[in-house]
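Following: one structure in structure tokens, then a few remarks.
Letters A, B, C, D and E mark the chains as written, and numbering starts fresh at 1 in each.
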Amino acid sequence: MPIGDLAPEIAIIVAAVFALLFAALAPRRLQAGSAIIALAGIAVALALLLLQLGETRFTFSGTWALDGASLWARVMILLATGFCIMLSPDWFRTDPRHGEYYAILMLAALGAMTMAGAGDLLQLVIAVLLSSVTGYTLAAWHRDWALSVEAGMKYFLMGALANALLITGIVLILGLLGTSGYQDIAIALKLGKGLSPLLFVGFAMTITGVAFKLGAVPAHAWLPDVAEGAPVPSAAFLTVVPKIGAAIALARVVQLVPPEFMNLRELIAVLAVTTMTLGNLAALRQDDLRRLIGWSSVAQAGYLLMAITVLGLSPNALTALLAFVASYAIGNLAAFSVVAHLRGRTALGDYDGLAVRQPVAAAALVIAFLSLVGIPPTVGFFGKLTLFITTIEGGFLWLAVVAAANTVVSLYFYAHVMGRVYFGTPTGDVAVLGRLSGLAVWVAAIALLLSVIPVETALSVFDMSRLLPL
Amino acid sequence: MMLWLLPLVPILAGAIIATLGDRSRLSLGIMTVATLGTTLLLALLGVSQDWTATLVWTDVIRLSAAFVPVSAAVAIMVPTVALAVVFHATQNESKSGLARLIGLMILFTGGMELVVVANDLLTLLIGWELIGACSWALISHKWRKLDNPQSGLYAFVVTRTGDLGLFAALMALFTATGSFDYAGIQSLGGPLQWIVGFGILFSAASKAGQVPFSPWLFRAMAGPTSVSALLHAATLVAAGAYLVARLHPQLAEVPGFEATAIAIGLTTALAGGITGILQNHAKRLLAASTSAQLGFMFVAIGAGYPSIAVLHMIVHATFKAPLFLSAGIAGDAAGTYRLDRLRLGRELPVVAALTIIAIAGLAGLVGSGGGWSKEEIIKASEHTGFWLALTVMAGGALSAIYATRFQLLAYGRRDKDADSRATSAPGWVALIGIAALTMMTLTLSLLWFSPVAETAAAALDTTLPKGSTLVFGLSLLFVFTGIAIGVYLVRYHPALGATGPAAIASDWLGLPKLIDIVLVRPADAIAVAAARMDDRVVDRGIRGTAACGDWLARTAAKADDRVVDRGVRGTAVFGDWLARVGNRFGEAITDGIPEASARLTDMIGQDLRRLQTGLSHHYYAYIIGGVFAIFAILVVGA
Amino acid sequence: MGRIGGTGMTDLIFYALSALAIWSGWRVFRVDSMIRATFALMVSFISVGGIAVLMSADYIGVATVFMMAVEMMVMGLFMVMFMMNPAGLNPMQMVHQYKFSIGAGIMGFVGLTTAVLLTNFPDNPLPENRDTLRDLGIELLGGSMLIFETAGVTLLATMVGAVALSSRRGRFGDSDVGAAPPGLHPGGEPAGRKVEKGGGHGGHGGHGGHQMMAEKTKPNSNDDPHEGHGNMPEMEA
Amino acid sequence: MTLTAILIVAAALFGIGLFGALSQKSFVMLMMGLEMMLNGTLLAAVGFWAFTLEGAPKGQLLAVLVMAVMAVELAIGFALVVAVYRKRQADVIEGIGTMKQ
Amino acid sequence: MLTLAILIPFIGAMTLAFMPKIERETARIIAVGTSSLSFLLLLVVWAQFDTGAGAPAFQALTEIEWIPSLGVAWRVGVDGMSLALSLMSGVLFIACTAWPMENPERPRAYYAWFLFLEAVSLGLFLVLDLLIFYVFFDLSLVGMFFLIGRWGHEGSQRAAFKFFIYTLAGSLAILLAIIGLVLSVDPITFDMRALIEAQPLAGMDLRGGLILLGFVVGFAIKAPLFPVHTWLPPAHVMAPGPASAILAGVLLKMGTYGLVRIPFQMMRETFADYALPLAIIALASIIWGAVVALGQTDMKRRIAYTSINHMGYTVMGIAAAGALLNGSEGAREMALTGAVVEMVAHGLITGALFLIAGGFWTRSKTYELDAFGGLANVAPRMTVAAVIAAFASLGLPGLAGFVAEVQIFVGTFAVFPWIAAIGLLGILITAALFLRLLQQVFFGDLPKAREGFPDVGLREGTVLAALLSLVILIGVYPRWLLDLIGSASSAMIGG
């Protein structure tokens, strides 16, 4: 068995286990030490990942895809996880058991990574399961806070149904096509095998199951709740990291289906439109910032689906997908880092005049939002730009137009927040969390602005990436 | 290039003087003499040296200036008259804002010079609009009274409406020839030619106060008297006639151009004459007369004698300016411009004497410059047709009537038993301007000597029209009849003008009653006449004429005031209404579309948000419904 | 069809087990007591396990039976531990959006059945002499090793997570202490909306009205489900 | 005993489970509904394995995975039920409806 | 050089933003200084600019690779049009930073935003890369959003939102159109010069039409044209005077500049097909803007609506120039030159007008025309400035507006005679409305409340004098400007 192909994942597991053990043994004040272990694990895993650069092959009997898409998705997952870890020690300072949190976080990251790398439907199921199970835990981590347990429970309820649907769908596909490996499925579908109503049911359920991880319609309802109720580092993590994995996973599934076979792409387009519209409209009058970010991240999932729609129709679709995911991740993490740094401050009214009290945090929030809208020169602009280019190139002009209209809608609520932050009159002082979270805010804001510089590099490496099965 | 100096010197100097702030009358006078004197010198020099100038904006847009005989004459006339008028203003106008007034007047003169020397439509338009704007500033001069700026606005908007014609001509000319040169107009044909011709005529008519634009001239009376003098004599109003005269060679080919010019001119001459007769406001009488006189010029141009028109313009300038100035002095002295209240002959003998010289021109008396040029116009129109000459003569008679009225009413002697008024006669400095102008008028009487006239004609590169003695005789008859009627009117109906449409006075009531008697109840009048036949016949004849004239004038005035004025005002009101409606509803609609869509989005957003009930079983329902929907989409696509 | 095929006896057992599975499955949601529901579910699972055995998936069948039995025990235990009215002493109305659920269930069934009936299945039956258990072992440690390993990690994560969420006492005392967000101001309350305490006990007074108004339209439509719930528990409080 | 028959039975179980998952207020009962759905899935998986996959080991693995999903979801689910109950004294869906819109 | 001109104000903005110790006066000095420095650089570029017949269209080029895989690079360069516009922007920015703050809060941030906007505006006019053009286009919205929202008057947030959202909608339309445009060349490039060269959409009817629609909608919102102009009046009314001046003077020009630079130059044939509808829209803007302006009772709204009117003239000229009518090259070139001159002239004139209006707010906190009267009594200098600016705006010869308008009308007449003829009405209405404004504000009786109304101070006076003398200079002797602009328009029409 080519264990080396799994080296980064193993590093993560090892780090998770060490973190767990450390948490079990270390005294209370050193619990945050697990964070260091986790970060070390991530660093090692990143290094190992870079060794896989340029690989494009299946391994582990076709269950694991080593390709550019999974590579970069996993890099993003690890970086995002690392960022969430930065937010955590300050946030969980009162929680005596938060050493274990990092272990779960690492396993959740692993779940997302395995989603991105899954080359087999069964592997996909188990990856989704890993990601979900850890996700519920992360969301409900604040056991003594009603909203957190509520968020965890809802997340679980949604997830349980979605996973049941997912596995049912996969059973049907597997039963009808006789195989679960992507390579074989692609061949089978190309030959037109198994085309039957039951297969449609299977795909319908599978896509719904993945849509759950993506936070897309119809299984989007958990996202705002988790964004609002989960501990902020968890919320940051859960609105970003599983999506990265799920995006690649869904892309792979869509790639399996030849464009002429079923109108899967039109379906994804419809989902994209529904998702972004719903997310944006629901966020319009939101007066809770965390929930607003949650809804906006529903909407962003819709944009993300645009790239998946044109997969195989436009040569740049994968590039756009990766670029957009990256830009979204940075923007969303930045927004949550500000929320975390401000001690979870969430009522919009509390943000009035933030610019006076906390100029850096205010600026970071505004930049994050500008990035999420797609205003240049933030990185979000390039995400949207490549997305629009590829969508139009793929022949889905109407989708691009709808997305543009949606962007205008989204500007309304983002600008509303920006307006409050800059034009409002401040009331009272604003307490912040700690140095580390402040550092995270700085990092995020700078990343948003400076990632404009390596855009070319990013685009060209993304461009070289391939998505298995070819 | 030197030719640019001619307009530029007064424009710059005027601008500087306008911003100088308060200065004494003396220093302002010196400045005026210096500036306008220089201008005059420049004009003379330019004419003698035949200066030209161009200013390149782009390869296609060149501003150019040059003299032709017609413009040379006007170019000299303008600063000459302006010098006198402005100097008069420095000595007589009220002190407040005097520097600004003088500066603007000088600037105004410069603008006029630009119009005069312009050799292409663009340059012309620049000067043209410039004098329009100056007229606004000058009419609004006493801005503390809101009426004045309103009048200025009115004048500017009306004249600018006319300017649109020039714009149209400009556009058409360029489209056809790719340049703005006057020279290009001749080569035109078809609708573009038509646009150019009538655009220019339209524009000129509006500036010249021709029907139907005449009312603005009355409103323009809101300005100081010197401004009126300048406006009517040398600049704005004259510019209208000048333009058509200047471009006559180019425009004569335009079908219907000459006929229209004659029609406009004639209508205005008659309507203006009658209005003038009926005016009881000294300045308005003169204003109406300006319209009428410019009407003569239009007729002359239409008859094919632009040079005659220009000559008349020059002559007109020299007598109209002193008349206005004198009216101003009289008005200042009496505190009113109501003719029936003036009769300042005793108090202002010098002014009265000077005015008489000028008024001779207005009346068209033989021996006066005005008389000469009017006769020339009659001669010219005779070439078109006897009827035209006759009509012009009638117009001349009307001029004679109102000129007589003006003179006698303004400077007649009052009954001895009237209260003596404490008026101080103006000092000699204050009269220099008016005296100078009168001298010019006198000088122009020399035109009656045919060598002088021939020289003038030669200078203008034209020949004088030959007229028949019969016509000349008739014309004289008309003039003297007019004077007689005027004398009669003054004697027996001194308050006649008080019924003028614009005046509101208590003694108005007399005349309507009289008209009522004469027109409505002729039988009664005949019955009364039985006793004193002679008297009555004459009386009735005159009364009848007067009544007729009055009726005509009233109709004309009504047409002017009600129809035209209301038309203009109506347009303004309509524009206002449109603006307000546009603002309220149009904007509501155009803005409503985005606003409403925003609100709709908001509402849908609210509704969609309520889907998120917080209850997981609803979310379950969404998921299951979603699966069904996705399945349906897939099936439909298959 | 090897061992399975042919005999009428197998068919008979299959139909009997199927009927039992479906009937007991239906009973799960029709009985008054959770304990009974648990047992009904168990019966259903065991029936399915039996069918699996019929199809010579011995291992799967047996595993199902055992796993489910254990699971159901746990579930029963939970009932006793937490739930109101475990033994079904009082009749209770514990359903909502009833009509929609019925509809969705039937639609699901009918739809799937139609799809099944419309589908031509490949006919690659189980070979006669296949050692299925050995196959599974080889698969788990061979081709699908990664899946198996991931499953292992998942189980680990589940355990850690379950413990983290439910343990009462940990090394540092009561596990709940400090498991809350930082206060908006140091030492203060955390930001976010406040929850009314004591909300939502299913057993209280039988909120019979909790049925969702029959959702005639599609659930994703704009029609507002909220209104069906005029009296939500937390609103009362 | 044909594949069709098995799948119809599976569909029935799935439908019943769906009904349960949608209609039950209590978390535990709801989870039973989910289990019931997976029960149907399990049956279908085994059916496919036996009739269309030539007994390929993937089929069995699939069934195992279905069970794993059941077990894992159930385990974490119960942990969450405990946590929710402890913090909010809620054992029904309606008890956790604070966060909405 | 051009890069530096963009960079300097940006650096200034950053300095102001990140140096906490800067006082108001220092901040202003820094702001004026950096704007002047940047303007000087532009002057140097101008001095070296070759307007000869054989000169290349774009000069002072710099190109630095950025995203070659998308064909994006930092490309700067000027032709006559962009140089003229950027010079005008430079002047206006110096004027607006020198003008006293209306709402003296947070001066550091205020001047920082101004410098930021300057960098963005200059960048927009100077870059030759569509993507970076778009970047600057969007950034201008951000900058203006904050300026209006933060330093505007009571209730300005709503106006700022409306402005931001409305114009962003437009800019997204542009983005889509840009993408459509660049996708039609292979390999994909955002290089303006290459796209102008390539004319990628020639002969593609539907696609070209759609892309043109995107551009026109986007630029029409920005310009703004009827009927998508309704964001403008509230934004103007609520913005502080200098911000209004920038908004009207510089930001609106982005719309018309874009219209010329992109659809006009890059998709000539398609543009020509739709030139007539565009001209009709422009005509509607001319008339509508003027008529509605006449109905306003608020000084700033009135001026704002005249902007719509003036941008209508500009677009009319552009549309006429874009119609590929044979035999009218001279006229079309003139129309285009006129349109660009109008951009410059309108920038200076309206800039001055809005600064004056801002002065009114500073002094009396209202824009209602009825609240004023007889101000000539107490503020003669302001009266003079307002009169000149108003006359310039109504197109009086000798002032800059006339030079532009006469060329636009003359040029348009050759192509669309009726539209030009009807458009003349706009000139008339504008005259009436400006005179009425002057009359209402400056003449007549002085209300009691205004007796202490201060005249323009030294600083304000200098700024206004500078702007207005430029207006007069252009009006009297525009050759230097027309040469510059003409070099661009003849290249555009001829080539």
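Going forward, a residue touches a chain if its C-beta (ideal position, glycine included) is under 8 Å from a C-beta of that chain, and two chains touch if they have at least 3 such contacts.
On a predicted model such as this, the values are computed, not experimentally measured, just so you know.
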item: Any chain that touches chain D and chain A; value: B, C
item: Chain pair, A-B or B-C, that carries the greater number of C-beta contacts; value: A-B
item: Chain occupying the most central position, where position means C-alpha average; value: E
item: Whole-Å separation of chain centres (CA-atom averages), chain D against chain E; value: 64
item: Geometric centre distance via CA averages, chain C-chain A, whole Å; value: 27
item: Inter-chain centre distance, chain A versus chain E - centres from mean C-alpha coordinates, in Å; value: 42
item: Sites on chain E at which at least two other chains make contact; value: 165
item: Residues of chain C touching at least two other chains; value: 96-97, 100, 104, 108, 111-112, 116, 121-122, 124, 143-144, 147, 151, 154, 158, 161, 165, 176, 193, 195, 220, 229, 232
item: Residue numbers of chain A (touch at least two other chains); value: 122, 126, 129, 133, 136-137, 140, 143-147, 150, 152-154, 157, 161, 175-176, 178, 197, 200-201, 217-218, 224-225, 228-229, 282, 286, 412
item: Chains grouped in pairs wherever the two touch, ordered by label; value: A-B, A-C, A-D, A-E, B-C, B-D, B-E, C-D
item: Chain C residues within the chain B interface of the complex; value: 96-97, 100, 104, 107-108, 111, 212, 215, 218-220, 222, 224-226, 229, 232
item: Chain A to chain B touching residues, read off their complex; value: 153-154, 157-158, 161-162, 165, 195, 197, 200-201, 203-205, 207-208, 211-212, 217-219, 221-222, 224-225, 262-264, 266-267, 270-271, 278, 280-286, 409, 412
item: Residue numbers on chain B that touch chain A, as the complex places them; value: 598, 601-602, 604-606, 608-609, 611-612, 614, 616, 618-620, 622-623, 625-627, 629-631, 633-638
item: Chain C contact footprint on chain B (complex, rising order); value: 604, 607-608, 610-611, 613, 615, 617-618, 621-622, 624-626, 628-629, 631
item: Footprint of chain A on chain D - complex, ascending; value: 14, 21, 27, 30-31, 34, 37-38, 40-41, 44-45, 47-48, 52-53, 56, 58-59, 61-62, 65-66, 68-69, 72-73, 76-77, 80-81, 83-84, 86-88, 93, 96, 98-99, 101
